[in-house]
Amino acid sequence: MATLKPMPQATKISAPFWQALKENQVKIQQCNSCDGWVFFPRNHCSHCLSHDLDWKEVSGEGTLYSYTLTRIPTMPEFADEMPQALAVVELAQGVRVNTTLIDVAEEDIKVGMPVKAVFDKVSKDGETLLRFTSVSNDGGVREFKDPLEGLERNDKGQVQVPVSNLAALYALADNEFTPWSNSIVVDQALINAFAELSGDDYWIHTDPERAKTDSPFKTTIAHGSLVQVLQSKLTIALPFEITGFQTMVNYGSNRLRFPAPVPAGSVIKGRSKVQDVSVSHKGVQVTLEMHIHVEGNDRPSVINDLVILYR
Amino acid sequence: MGLAGNAAIVGAAQYKPEKYQTAPQMFHLEQVADLAHQALQDAGLHKDDLDGLVINGPQFHEASVFVPAMAAEYLGIEVNFAEVVDLGGCTAVAQIWRAAAAIEMGLCQAVLCVIPARMAPLAPNEDPAWMAQAMRYGGHSTAYGAPEAEFDLPYGHMGQNTGYAMIAQRYAAQYGYDKSAMAKIAVDQRFNAQYHKDAIFRGKELSIEDVLGSKLVADPLHVLEIVMPVAGGAAVIVASKEVAARAKKRPAFVTGFGERLSFKSPSYANDMTVTPVAEAAKRAFGMAGLSPKDMHAAQIYDCYTITVLLSLEDAGFVPKGEGQRFIKEHNLTWKGDFPLNTHGGQLSFGQAASAGGFSQVIEAFDQISNSAQGRQLKGCDNVFVSGTGGVMSEQGALILQGG
Amino acid sequence: MGLAGNAAIVGAAQYKPEKYQTAPQMFHLEQVADLAHQALQDAGLHKDDLDGLVINGPQFHEASVFVPAMAAEYLGIEVNFAEVVDLGGCTAVAQIWRAAAAIEMGLCQAVLCVIPARMAPLAPNEDPAWMAQAMRYGGHSTAYGAPEAEFDLPYGHMGQNTGYAMIAQRYAAQYGYDKSAMAKIAVDQRFNAQYHKDAIFRGKELSIEDVLGSKLVADPLHVLEIVMPVAGGAAVIVASKEVAARAKKRPAFVTGFGERLSFKSPSYANDMTVTPVAEAAKRAFGMAGLSPKDMHAAQIYDCYTITVLLSLEDAGFVPKGEGQRFIKEHNLTWKGDFPLNTHGGQLSFGQAASAGGFSQVIEAFDQISNSAQGRQLKGCDNVFVSGTGGVMSEQGALILQGG
Amino acid sequence: MATLKPMPQATKISAPFWQALKENQVKIQQCNSCDGWVFFPRNHCSHCLSHDLDWKEVSGEGTLYSYTLTRIPTMPEFADEMPQALAVVELAQGVRVNTTLIDVAEEDIKVGMPVKAVFDKVSKDGETLLRFTSVSNDGGVREFKDPLEGLERNDKGQVQVPVSNLAALYALADNEFTPWSNSIVVDQALINAFAELSGDDYWIHTDPERAKTDSPFKTTIAHGSLVQVLQSKLTIALPFEITGFQTMVNYGSNRLRFPAPVPAGSVIKGRSKVQDVSVSHKGVQVTLEMHIHVEGNDRPSVINDLVILYR
């Protein structure tokens, strides 16, 4: 899932920390040589440089060492959390952690207050950030809230995403393909019609006899651009509809590829996914990655990254 | 131990701080040569006197590696000391003592310290977007494996503002927080800026109400307590006693210095409210055989008002926790009883990236050499200068004395 | 003037040189901590003894700016001297004297000098192509306004090979050129490498015919006269006399040093055949009160055979123009009458980027501290070490003495 | 023109140097304060730092300070000059210049030999590099040699470019459009045929009555992809033919844009240019930038960056 916000990239060294958070545990390293606690994760002890470290589960309790409330977002992507209570928490083991304090009213935030860990699920995949809250609050887990949840649906069942809801827009770019579309047949008659219309009557498309002997495919194949334009006949059930824009412009394609041939008579079907959502002064740009396959072929015959600009 | 006081600042040059949008664009090599030329003229020295070079390493436009070699070749000088410094806002102070040390060790007779900080022109086919992209994370590294990329950015911790704000909040919890005292730092400095022809906020006076009424950025810091980044750049010539004797101006001898680097993120400090300048200043005063009360002015690195408060305390000008009272009880302007940042500080003079730290160094030199024009202090012989990089991560101190 | 000889190398660590393809990949921060750990163990010191840090500035993987702060925080140390060096192959030598100077000035008692030079792992979504792209111009800057981008690259001048080749050709025209003498440098060093367990060319002996029969790269340099880049990295601990007294090994005191940077491209040198090490070595010997004939070994930076020839002459081991005769008349191996690069030199030990220069420093320490195992010299008290960056652009010299 | 080799990018400071070379002059800077000569160009004197510099024409004569012959190219792109005689020339004024020595036999190259400037025209636009040769040689100018010159032509008059001739391939990327193709009419019948074939029968394309009132264009417009595929009917006279390859693969498009509408009844025409040639382990990739315009409209209706891979 694309998110608005910078996400941690675990390394070989830090992976146990992030994995533990996924499992709703706080694990930090302790040195077997000097008993010192180590944070952030390292391959050596930050007290004595020993390499003999073990991961230990800790309670996740600590105190608020300091904090600030951001009145201007540190990045535009954090606008939805405003004001963020950026915090430094000192765990009971003495190490400090940069984090955010959540679910505490501004007037209740006090340096020195006891706090406890909240495992904040920030993606559908369970990626977890370590946040903190007051010990008087409930619960140690904040479940992932799909930004698409609670949005209205139209009569086709598509979730209605206002172009102003950046978090929801980013959530669309989830790398999951739609279900397959309907199937259509690309027969020689269709190929011939396209050859006539476009003017591309190269024998490899139009001469079945010659193709039998001369073509590496041993049969005629459809023009790549024919298969490309047939996407209009493939009904792809996008799970969302973007709303609230002034204009929608089909910007074209960022990438158009024809990785596999479509022999005459093939049955094709398609699916797509949201590849990217980006916001600029031009508006909101959504890139749909459209794949058209010959049925039974894992390799797509058309890859078309369609760019649509909303403003 | 340390310096004997046989090296001195003998000349300086500094571009007038300007907004990036309107400032001239110059290659960094070009700025280095131009600033060197101006600083040598200020000193009354010739290029061939130079035999040492200290330059900023990172963020040099024309090269990311071999920066001293490229710059020395461009200047047409050969040097016995080719130095880069990577200490953010502490770089200027760090450059000066390194130059003085090289001179006292006998390596050099005159060292150019320089930081270009105007933007370089874009190539005809260059996309300016890369610059915005590079600045997106407020200077935080986004490299794979960088602890700040992995453990700070995902939570919104980035840039400098929030780190300084958290230090201020911790200070407030331990010692109390007097908003109007903090605002007075900015106000008194703004007063000083009215007397410096190059200050970016010259002609714009300021009241405590203005500061406290300005936008809150990150509690408790208001926008008028935070420096404005500007285009600029500066050079300083440090020379031996012998060369200083033939320079045009009264030299400012470097009689003490200290440097301390304690962390990158203040979150990992032993105590967030005890800043590295404590160790740096202690060493500097000890080396010079002087104490804070011997100072005739303090030019204290001021990226934020909180930086000034903590530096005053930790450098020993006032006991811990009493800084705010001290600020209210004293007139901090050049006309007052505790002249602080007599050029306006970076808050009112402008912060030209890491060259901003030179504004404090050069103001100290201007005061000692009687070049401070309308804001000249009387009998200014001993000046304390501090530099601060990162989020009070690395700090330096200088004691400069008229010779 | 200069050093009093009160600081010494007390410990060191160095990764075995390996081909990039097969070497472990580690973050640079991880390498810094690992190398520091090993070097401290070698010295018998503890991390908390460290109060100074000298690191390579450019080409640090996890950050391009605030490198010392990031590294110190990672190590968990606070320092009174936070230094970067940007002098290419001269960086190791330059780090050592800076550390020694900081110690003699009383800033520090133990300084970590470190250069990580294994590759960092790529992020899961990172395209390795950027690295190939970045290396395309052989380290020449391609920035708009960089003189080398504008006046060198269009003609094919780039990288190091051709610059060194042109220096050799000029030398040949002035003093004559004896190919077999030049090849003998590589051959004698290869002999030494057979006695170092970590040398990359251990087990591969070499003859003069092999060298002269190897591929000509740029007249007159053959491929076997040119170093092979490898993955590696090194750390050295420099400490005060007091700390050295409690270290495990015999310390190598830094009694003399010099540094000289004369140009970026040797095309702009006053005289291409008189290299900057002349000034650097003169200062180093003068400071130590010794002369070349007092040296028991010479560890001379050897990116190319021509570098060794010119360094021998310019550092004063042999008069100008007589180096080739000298080479033929002497056995340069550790068993011979003029022990040179007793570890094999970088030509046969391997060149781990700018950490390659540490191979010479560490070999000097190994010989002085009696740790050179099968290649140990008898009574090795005084060693000359040189460093060379760029195309003989910047050079440094050290005199190390057993205490 | 794209070239294989890195080209100098003049700056405000250095522009007079490069301009002079174009005019077959060597100009370098001299300081009015100390009379010192300065090279490479700077805004200050490299002897005294004075800003008072003047550009002076000099003879371009000097001596060979040093040189080397490259037996391995310093970059693959210099393979055609092998062995390059990389040289440092000391001009009579005492400044040194990194350059190449040309037209001197290996055995005749001697350090100290007198040399003179050669103005080497390295592009059609007159871009000039400063090379040197022996004073005993003729001529001070080496005219631009079009890498396409001397290549054979086929019966259509197209220059035959072997896929192995990198210099010639790069020379194709010359940023010059072909002449316009033939014109064809995009009428409602064609639009309707395409609508039926592709399945995209949106009213904006197919309903002239409704378009009159509801469409911002006040008439129906052709599908962008229709205009795209009509490129097959536009005969574009590419001035070259690439030869000597094993296979040619139509890779697809790197960018497909529809910047302007094509109202029904429009006459369209096209042209193209070679946008880029690049070489990788995959083969030689040629990107053709195809533009289709409505006659009379400066803004293209289709921009299609077609990628063709030869190997």
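Think of it as A, B, C and D in the order they're written, each chain with its own count starting at 1.
Please note the rule applied: contacts are C-beta pairs under 8 Å (C-beta built on N, C-alpha and C of every residue); 3 or more make two chains touch, one makes a residue touch a chain.
If you're wondering where the values come from, they're calculated on a predicted model, not measured in any experiment.
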Practice prompt. Hop across touching chains from chain A and tell me the fewest hops that reach chain C.
Written response: 1
Discussion item. Using the contact definition given at the top, which chains are in touch with both chain B and chain C?
Written reply: A, D
Response to the item:
So the chain most remote from chain D by C-alpha centre is B
Worksheet item: Roughly how many whole angstrom separate the Cα centroids of chain A and chain B?
Response: 43
Worksheet item: What is the distance, in whole Å, between the centres of chain A and chain D, each centre taken as the mean of its C-alpha atoms?
Response: 39
Practice prompt. Report, in whole Å, the distance between the mean C-alpha point of chain B and the mean C-alpha point of chain D.
Written response: 47
Worksheet item: Residues of chain B touching 2+ other chains?
Response: 27, 29-30, 74, 121, 123, 144-145, 147, 265, 268
Item to complete: Indicate the residues of chain D shared as contacts by at least two other chains.
Response: 9, 11, 13
Fill in: Topology of the chain contact graph, where touching chains are joined (line, ring, star, complete, other)
complete
Discussion item. Touching residues of chain B toward chain C in the complex: what are they?
Written reply: 1-3, 27-30, 53, 57-59, 61-70, 72-74, 78-88, 101, 105-107, 120-123, 126, 139, 141, 143-148, 258-265, 268, 276, 279-280, 283, 389-390, 393-394
Worksheet item: Any idea which chain D residues touch chain B in the complex?
Response: 9, 11-13, 42-44, 46-51
Worksheet item: In the complex of these two chains, what residues of chain C are touching chain D?
Response: 136-138, 142, 144-145, 147, 149-159, 161-162, 165-170, 172-174, 215-219, 221, 265, 267-268, 272
Worksheet item: Within the complex, which stretch of chain B touches chain D?
Response: 27, 29-30, 33-34, 36-37, 40, 46-47, 74-76, 121, 123-124
Fill in: chain A partner contacts - residues on chain D that touch it in the complex
190, 193-194, 197-200, 223-226, 228-230, 232-233, 250-258, 303
